[in-house]
Amino acid sequence: MKTPAIVINFKIYKEVVGAKGLELARICEAVASETDASIAIAPQMVDLGFIAEKVSIPVFAQHIDTGTAGAFTGFTSVEAVAGSGAVGTLINHSEHRIKISEIDELVQVCKKQSLITILCTNNLEVSSACAMLKPDFIAIEPPELIGGDISVTTADPDIVKNTVTEIKNLAPEVKVLTGAGIKTSEDVAKAIELGTDGVLLASGIVKAEDPRKALMDLVAGLK
Amino acid sequence: MKTPAIVINFKIYKEVVGAKGLELARICEAVASETDASIAIAPQMVDLGFIAEKVSIPVFAQHIDTGTAGAFTGFTSVEAVAGSGAVGTLINHSEHRIKISEIDELVQVCKKQSLITILCTNNLEVSSACAMLKPDFIAIEPPELIGGDISVTTADPDIVKNTVTEIKNLAPEVKVLTGAGIKTSEDVAKAIELGTDGVLLASGIVKAEDPRKALMDLVAGLK
Amino acid sequence: MKTPAIVINFKIYKEVVGAKGLELARICEAVASETDASIAIAPQMVDLGFIAEKVSIPVFAQHIDTGTAGAFTGFTSVEAVAGSGAVGTLINHSEHRIKISEIDELVQVCKKQSLITILCTNNLEVSSACAMLKPDFIAIEPPELIGGDISVTTADPDIVKNTVTEIKNLAPEVKVLTGAGIKTSEDVAKAIELGTDGVLLASGIVKAEDPRKALMDLVAGLK
Amino acid sequence: MKTPAIVINFKIYKEVVGAKGLELARICEAVASETDASIAIAPQMVDLGFIAEKVSIPVFAQHIDTGTAGAFTGFTSVEAVAGSGAVGTLINHSEHRIKISEIDELVQVCKKQSLITILCTNNLEVSSACAMLKPDFIAIEPPELIGGDISVTTADPDIVKNTVTEIKNLAPEVKVLTGAGIKTSEDVAKAIELGTDGVLLASGIVKAEDPRKALMDLVAGLK
C-alpha cells in the first residue's frame, strides 16, 4: 500500500449492507483511479472475499481472530483473510480490542503470510507499547473522538505529533496513521503535516450524504 | 430449507481457504442437484458473500454477533448476513458459545429478517432451555464427540431421542438436527430414524479424502 | 434461605469498599435480627470470605466462573465460593452474562456443593428457558429498569406475573425473585402480591442516604 | 515489597479452598518471619480480604477487572483491591489475559491508589511492549513452561536474560520477576543471577507435599 494513504473502515453500518457495500467500494476504487491517490477499504467481514474479488484497490479485514486455521466456527484466521484476496487487516480496533499476547502472535503470523497489519491504539503509552510489536502501521485513534465532529488533528494535535516522534524513535520502520473525527481535506492535510503516513476513517465517508464528493475532498488534503 | 437436510459447517479448516472453499461449495451444490437432497453449507465468515453469490444451495453464516447494524468493527450483524445472500445462521456453536440473552435477541431479530436459525446445544437440559427461545432448528451436538470417530447416533442415541421428544413436547414447531462424529450413510439414516430432521457436520466432509464421495454416501442415508 | 426474602447485591459501588462493605453487611444483619425478616447479601467478590466470617445472615457470591478448581488465576470456582462460607451465588447477572452451557454446568455443580443458585434473567423468554435448567431461584430483572427510579413491579407488573405463571408451569420447584428499581415497601409488597418469593436489589439500599432506614422500609413490605 | 522477592500465586487449586488457603498463607508468613525473606502471596479472589486481614506479609490480588467502582456485578475494581488490604495485584496473568488498553488503564489507576502492579508477559516482545506501560514489575512466564517440571531458568535462560536487558534499557525503573516451573533453590538462585528481582510461582508451593519445606528451600536460593 502506497503512502500517504486513506483507509476507510466500513464498520457494520447499515449504509454498507449487501449491494450498498459493493457500491461504496466501487466509488472508492473510482476515486483512487481518477486521482491516483492511495485509498484502501475495510468492508464488512462477510463481504471480504465478495468485494476483494471485484475491486482493484487494497482491501483489508476489519479484524482477525486467530493465527491458526482449524476446528473453529465463526472466527477468522490469518489464512482465511489471505485466501479471501485481502492484502491486510486491522488489528485491535477500538471497537474490537484484543489481548496483548494475541496482538503479538497475529502480527507475527500476518508477516509470514505477507499481510499488512494496521494496529489500532488509543493513546501515546499504548502506541509506544505497540511499536515494540513491529506492525506495519500503527493507527492512533483516541476513542472519545471516534465518530465525532472534531478531528483528532484539531482536538489533540499533540497526541498525533508525540506518537509519531515516539514511534520513529522506538521503531523507525513502523508507519503511523491517525483517525477519529477525520472529515475534511484540512484534517487530512494536517495529519500529513503532523508526520503521519495517512488517515483511517469511517463515518466521515460511510455516512456522508455524497461519499464520492466527501472522498474527493479528503484526497485533496493528501497533496 | 427442505428437510431432512444435511448442513455442512466448513469451520476455518485449511481445507476451505480461498478457492478451496468455493470448490467444496460447488461440490455440495453438484451433489444436491444430482440427488435432489437438501444440502446446505456454512462457509468461512470472510467467504460468505463470495460463495453465496456463486452457488444456488442454501448458505448459512457460522456465527452472528449482534442484532444491530452500526459503529462496530469486525463483527457481524443480522443485516450483514441477510445482505450477503445467506439464508440463515448457526447460533451458539460449541466452538463459539454466546450468552443466553444474546441467543434470545438474535433469534428474534433473525425472525424479523427471515433468516433461518440453527441453534446449537450440548445436552438435553440446554436443548430444552433453547426450545423455549423458538429457533427454527436446534442442533444437538455433545461437544466431546465433535470431530471424533464415533457418531453421536452410535455413542449416545438416547440423547438424540430424548432431545427430540422433549423439544416436540415443549415447542413442536422447532425442528431438530444432530451432529458430532457423523460420517456415514448409516449415521444419517440413524439420525433420521431417531426422529431428527437432519444432520450438522464438518470434518466428515471437509477433511474427507474425497468430499464428493463422502457426501454421496451421506445422502444415501437420507432415503 | 427462608422466603419471602430480600437479597441485596452490593455490586462494586464505592459505597461498599473496604470497611464500608462490612458496615453495610452488619446493618443488614441487625435489621434481619430485629425484624426476623429473611435478608441475604452479595458483597464484593474480594470481600466474600471476609464478610461471610463476620455476619450470620446468608452471604452470596455475585458471580462464579467455573465448576472446576485448578490452574486458573483470578477466577472463582464453585468450591472457592463454598469454602468462603457463602451459601450460594448469583449466576448470569445482567452486568455479567455468561454462556448458556456454562449456566447449565454451574447450576449442576452448585447443586452438588449445596450452594443456592439465583439465576438472573432479562425477560419472559429467557426466564422460561432458564427454568428448564432448574436453578433454586430465577431473578427476573428487565435491564432497562435496573438502577432506575421506577420499580419493575410498577413499570411492568405483567412481566413479573407472567414469569411467575410460566415458571410455576414449567418447573414448579423453582422460586422467583424480581428486581430492578425496587426501593420501597410498596414495591416489595407488590412483588409478593404478584407471586414472587422476594426481591433482588442493589442501589436502593447501597446508595440510600440511610441504608438502615431504607431496609426497614423494604422489610415492612414483606408483611 | 522488598526485593528480591518470592511471589506465590495460589490460583484456584483445590489445595487452597477455604481454611486451607489461610493455612498456606500462614506458612508463608511464618517462613518470611523466620528467614527475613521477602515473600508475598496472591490468594483466591474470594479470600482476598479474609486473608489480608490475618497475615502481615504482602497480599496481592490475582486479577483486577476495572479501574472504576460502580454498577458492575461480580467484577473487581482497583478500589476494591485497595480496600481489601491487599498491597497490589497481578495483571494479565497467562491464564487471564486482558486487552492492552485495559492494561494501560489499570496500571495508571493502580499507581494513583498506591497499589503495586505485577504485569505478566509471555515472551520478549510482549515484555518490551509492556515495559512502555511502566508497571512496577514485569513477570515473564513462557506459558508452555507454566505448571511444568522444568524451570524457565533452565529451559530458556536467554529469554530471562534478554528480557532483563531489554527492560532495563527501555524502562530502568521497572523491576523483573520470572516464573514457570520454578521449584528449587537452584531455580531461584539462577533467576537472581540472571538479573531478576525475584520469582513468581504457584504449583511448586501450592501442590508441594510439604509447602513449608518447599518454601524454605526456595528461600535458600535468595541468598
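Before moving on, here are some points about what is shown:
Letters A, B, C and D name the chains as they come in the text, with residue numbers starting at 1 for each one.
Just so we're on the same page, a contact is a pair of C-beta atoms (placed from the backbone, for glycine too) under 8 Å apart; a residue touches a chain by one contact, two chains touch by 3 or more.
Just so it is clear, the model here is predicted, and its values are computed rather than measured.
Contact with chain A and chain C alike is made by B, D. Common neighbours of chain A and chain B under the contact definition above are absent.
At the chain A-chain D interface, residue numbers used by both copies make up over half of all numbers present, so the two copies contact each other through mostly the same positions.
With every chain reduced to the mean of its CA atoms, the largest distance from chain D is reached by B. Mean C-alpha positions place chain C and chain D at a centre distance of 33 Å.
Computed from the mean C-alpha positions, the centre of chain B lies at a distance of 44 Å from the centre of chain D. Centres computed as Cα averages put chain B at a distance of 37 Å from chain C.
Contact with two or more other chains is made by no residue of chain C. The full set of touching chain pairs reads A-B, A-D, B-C, C-D. Residues 9, 11-14, 17-21, 42, 44-51, 53, 61-63, 66, 69-77, 79-86, 90, 93-96, 146-147, 202-203 of chain C are the ones touching chain D in the complex. The residues of chain A lying in touch with chain D in their complex are 92, 97-104, 121-123, 125-126, 128-134, 170.
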